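Across the two complexes that follow, chain A remains constant while its partner is chain B and subsequently chain C.
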Partner chain A sequence: MSEQTQPRLAVRNLTTVFHTRAGRFVAVDDISFDVYPGECLGIVGESGSGKSVAALSIMGLVDYPGQIEAGRIEYAGTDLRTLSENQLRRVRGEEIGIIFQDPQTSLNPLFTVGTQLVDVVRAHRKISKSEAAALAIEKMKLVGISAPESRMKSYPWELSGGQRQRIAIAMALLLGPKLIIADEPTTALDVSIQAQIVDLLISLKNELDFSLIFVSHDLGVIQNVANRVMVMYAGRMMETGEVGSLFRDPYHPYTAALLASAPTLRTNRSEPLQAIDGRLPSPGKLPPGCVFAPRCQYVQEDCRVRQPLLESIGDAGRRVACIHPLIALPDEVHV
Partner chain B sequence: MAAEHVVVIEDLVKEYPVRGADDTVQLVALDAVNLSVERGEILGIMGESGCGKSTLAKVLLRLEPPTSGRVEVDSEDIARLTKSQAREYPRKVQMVFQDPYAALAPRMRVGAALEEPLAIHQIGDKPQRRQRVEELLALVGLDKSLAGRYPHQLSGGQRQRVNIARALALDPEVLVLDEPVSALDVSVQAQVLNLLREVHQRLGVTYLFISHDLRVVRYLCERVGVMYLGSIVEDGPSEAVFASPMHPYTLALLHSIPDHQAAEGGTVSFRLKGEVPNPIDRPTGCAFHPRCPMAQAICTLQRPPLRPVGGKRFSACHFAEDVPELGRQLAQEATVS
Partner chain C sequence: MRKVILRRLLQNIVLVVVIVLVVFILMRLTAGDPARMKAPVFASDEILQSYREQFGTDRPLTAQLWDFVSGIPRGDFGTSFRYQQPVFELIWQRVPETALLAFTSLTLALLVAIVLGVAGARRPGSAIDRFGIAASTLGQSAPTFWVALMLVLIFSVHFRWFPAVGFTGWKSLVLPSIAVALAVFPADLRVLRSSMIDTFHQEHIRTARAFGISNRRITWLYAFRNAALPLITVVGIDLGYLLGGTIVAEVVFNYPGVGQLAIDSVNARDYPLIQAITILTAMVFVFVNLGIDVLYMVLDPRIRIEA
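What follows is the complex of A and B.
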């Protein structure tokens, strides 16, 4: 990624809150990131980390009682937050496509696949039904649906989970968007199908040159698919950087702990897993200072008082929100 | 030596009738399963959705009667228990479910939930049962003050600990765990896996650990059975099976896992085509042949039996002996590319 390229999407100081009877919950707390043409940005985190809300905020898809409270979401130079609902509807689908975790919820069970795909095209373009159908069939071929003509007549429930997710991807691609947001697109699928869908998304991205935001809780999937990754915890960005270097040398204790706690095919079976003690803070009661401090094994006194800012450290593009990152800095002596 | 086996399953078949457009057909959820579980071992059962792993759990718990075949627990055929034996059966085999939220009654305090199985089986008097509840909470690493809480006041990880404690209340011989960590976040999953290991070391209870997650199975289980479309296709010690599978399905599964510790640049080159067939339309011969990269003519005709392939290992593949070589080639390709 050359530094000169303009980002396709630039998110600045995004803050999304939920107003509930129990109070005001900050789901996404002041995060900023860029997505460049042709790259895949992975957003990884556990449940409640705000990763999905961050992704949905981009599309303006956060429903009541959620609300984007602050920030800019610049797509191709326009702040999407200044657009009217009608203008935003144009952007969704034509510029930005979305794929959800469960294709069962993004496809209507009462209509055939063909009807739904044609409707999407005709909502955006003034073309005939047969032209729209031809476009739908073309995209279905692209995502590896065999016999797409006859599949057009199928209802979503007649398809397997993997096929449904392929249809959902075809739907997201219909109008040739330049950015695809995929929210846990493989989580509901079996391992062998999950691998097929990941392969498909990577090859489509390379072929069609769209940018991809891939949200997942699965570190392995993120490593396979993403170029850059941001790690979220309790609504905040903990660390971001190139996938390879970040997974090899995590500087944030949370990233390191997350990587160490998930068993892999190389984990030593005779030792206990390095679990992270405690649990995610409840969103209404965030600790002062660093949100990870109560569970951090490297915690020091100042961590509980001062909220760390995301700062550039080490290799290119790496930013870490930690007062005592896991890297020996020349100007700091670790105890 | 036979007494060493706490569970012996022979040719177990479970069919469910499915009403079709014209007539009723049989969905074969378990298709001649053969499996023995040694006392005190941790046996992992892994497979994708629809492979029959949860049906196997249901039959073992006597929630579903087998269509044919035999299941013996402690040398007794569980389909032919007397009434009193059937009443006592829950003291032998217990279960931990996937969803820690759904498995606990929302209006029952933790202490009451743990005491209930003891009361039903008339174990001890009230103070003794209270004592036992405290022991159980301590066993799963929960503070005894949690006995007064309701499930909604607990986190997912704490709830799953309560479920494990309740399953252990009657001191069962066998604990069937159906995807017990799948609903948990990575950091909490590690806590529960460590707990399961500690409990096993302390109590020596036999685990049947059902999971779709190969990484978790490899970590926790000493032995693993791989299921595909209602049958066991490979069975053997975890170390050996994961290091060098002897069924092409196991090999393909291993190559499908996204692994964040995979060698960098090592691309995955071995993918299963298509999807698991509908169990109503079981392919002829080897059920795996339509998706198998090694399939030959014989595979479409003859169903391979689960046969010993050396070193306590079993494989249901006509060409089991050729699979390790394919695995080596794939590993080499991955390091070259």
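What follows is the complex of A and C.
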């Protein structure tokens, strides 16, 4: 990758809030990241940390009472937030594809797989039904569905979980988008199928050269899929960097805690799994300083008052939002 | 699927038979002698007795029941006490008017319910949504006879736009249809609105949006198809209100339909007429509900395949 490469997606200062009866909740708080052509960005974080809201915000799919309050979402140089609903409609599916968590609920139970796929094609292309069906069948073959012609006539609930998710992936691929967002695409599936789906996504990405945003709880999967990772906590970005170095040397105590609690990552099996004590703060009652301070085992006094900013530290591309990162900085070495 | 429909049909036929028997017995148990209704007020016992012989009401109940039941396969539902005509003919003449009124009322009710229900569900709490809810509350609380009288007062008596009584063409349909529709649409609207709101929150709708399907298509195809299922069930239940409302409207507007005939027949203790109208009404219920079951299967493949 040359340094001149432009990011396909550049998100700047994205802030998404929910206005509920209990008040204003910031679900995504001032996050910025880039996704380059052909790369996979992993987003990790505990449940409720804002991963899905961030993913939906990119496509302008956050519903009332949620609202994108600030930020820019630049796709191929255009800020998607400035587009009209109709312009945005053309980007969805055509430029950016999305794969949701649970294909059982994310496909319409009253329409056949074929109807739904054909409808997506025809929402963007003025072609006949049979041409659209041919395209759908082609993509179904691509995702490894056997006898795609007869599967076209099946209803989603007639298929197995793995088959359904393959259909959902075929839908995302239909119009050849250059960016695909996968929001926990394996969480709802049988453990035995999860690896197949992950492998499928990796091989499709290599073959078709789209960019991928892969949201997951599972750090083991992220390690296999992603080039870079973004760690989120309570709507904020805690740390980001190349996947290898970040997993090897986490600078943020939250990243470290997350890695220590991940069963699929353990290299040293003699060390016990460490669950992170405490819970995510509720979005209405964020602590004043670092949001992770109440649960951090390295917490110091200033962490509770001063909010850390995301700063570049150490190796290329690594940014950490921590006042006392887990790295021996030159001035601290002498203390 | 065919088996299910056949079973449903058999169940319903049994139901119709039971209803008819209950009506047959109840009428003869309640006070009121058809002969007295027909004869002059101070008629002598002989005159009354001759009427009873003519009507057959002097014979034992079992014999009357046999007469009635054995006639049905031949299409003979008896002769009206009051009109001295075969009841089948009497009813048949009036079915078109009532069917027309019921049809226009239901169409109007559904139209209003769909327009206001879908618009309201798209923006809950908006002006149009609040209007829909207010209108349905009004429709539910205003009795049909009162609404009918008000419509006559305003649009027939004051403005003279529509005839107040009788049947003289499409204009005669307008006011009765509005009166009946006003009683029927609130349940439709509420059910459609809430099922539409539920559907809009389902994940497959978000998927459709995420893939650039237009809002109009999402609303009227993807969401409406899901939300229409509960609506269809309510339409089946509506039928009761529809027929009840039709009777009231027919009486107020002196509209020459089966509803009026039903009221007349009850007042005259015209047993054969009451029995025939009951059978007809029960059959309508059976067939409409059967139609609804079929429609359900057509719209929801999950039911179709289970069946």
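Methods note: the second predicted complex is superposed on the first by the 320 of 335 C-alpha atoms of A that agree within 3 Å, B and C clash if a C-alpha of one lies under 4 Å from a C-alpha of the other, contacts with A are read in each partner's own complex, and residues count from 1 in each chain.
Heads up, the rule we're going with is that a contact is a pair of C-beta atoms (placed from the backbone, for glycine too) under 8 Å apart; a residue touches a chain by one contact, two chains touch by 3 or more.
Fair warning: this is a prediction, and the values are worked out from it, not measured in the lab.
Enquirer: Sharing chain A, do chain B and chain C clash or fit in the superposition?
Expert: By the criteria stated at the top, chain C and chain B fit after superposition, with no clash.
Enquirer: Quick one: is A:Glu69 in contact with chain B, with chain C, with both, or with neither? Answer first, second, both or neither.
Expert: Neither partner.
Enquirer: Should A:Asp199 be classified as contacting the first partner (chain B), the second (chain C), both, or neither?
Expert: In the superposition, A:Asp199 contacts chain B only.
Enquirer: Does chain C touch more residues of chain A than chain B does, or is it the other way round?
Expert: B
Enquirer: Between chain B (first) and chain C (second), which does A:Leu107 come into contact with in this model arrangement: first, second, both, or neither?
Expert: The second partner, chain C, only.
Enquirer: Could you read off the angle at the CA centre of chain A, spanning the centres of chain B and chain C, to the nearest 10°?
Expert: 80
Enquirer: In the overlaid three-chain picture, which partner chain does A:Glu131 touch, first (chain B) or second (chain C), both, or neither?
Expert: Neither: A:Glu131 stays clear of chain B and chain C.
Enquirer: Could you state the shortest Cα distance, in Å, between chain B and chain C after the structures are superposed?
Expert: 8
Enquirer: If I apply the document's touch criterion, which positions on chain A are contacted by chain B in one structure and by chain C in the other?
Expert: none
Enquirer: Over in the complex, which chain A residues touch chain C? Could you list them?
Expert: 59, 61, 63, 85, 89-94, 97-98, 100, 102, 105-111, 119-120, 123-124, 155, 157-158, 171
Enquirer: For chain C, which residues are in contact with chain A within the complex?
Expert: Interface residues on the chain C side: 202-204, 206-215, 217, 222, 225-226, 299-302, 305.
Enquirer: Which part of chain B faces chain A closely enough to touch in the complex?
Expert: 48-49, 155, 157, 185-191, 193-194, 197, 212, 214-216, 218-219, 238-239, 242, 252-262, 264, 268, 271-272, 275-276
Enquirer: For a test of understanding, state which residues of chain A touch chain B in their complex under the given definition.
Expert: Against chain B, the touching part of chain A is residues 46-47, 160, 162-163, 190-196, 198-199, 217-224, 244, 247-248, 257-259, 261-267, 269, 272-277, 279-280.
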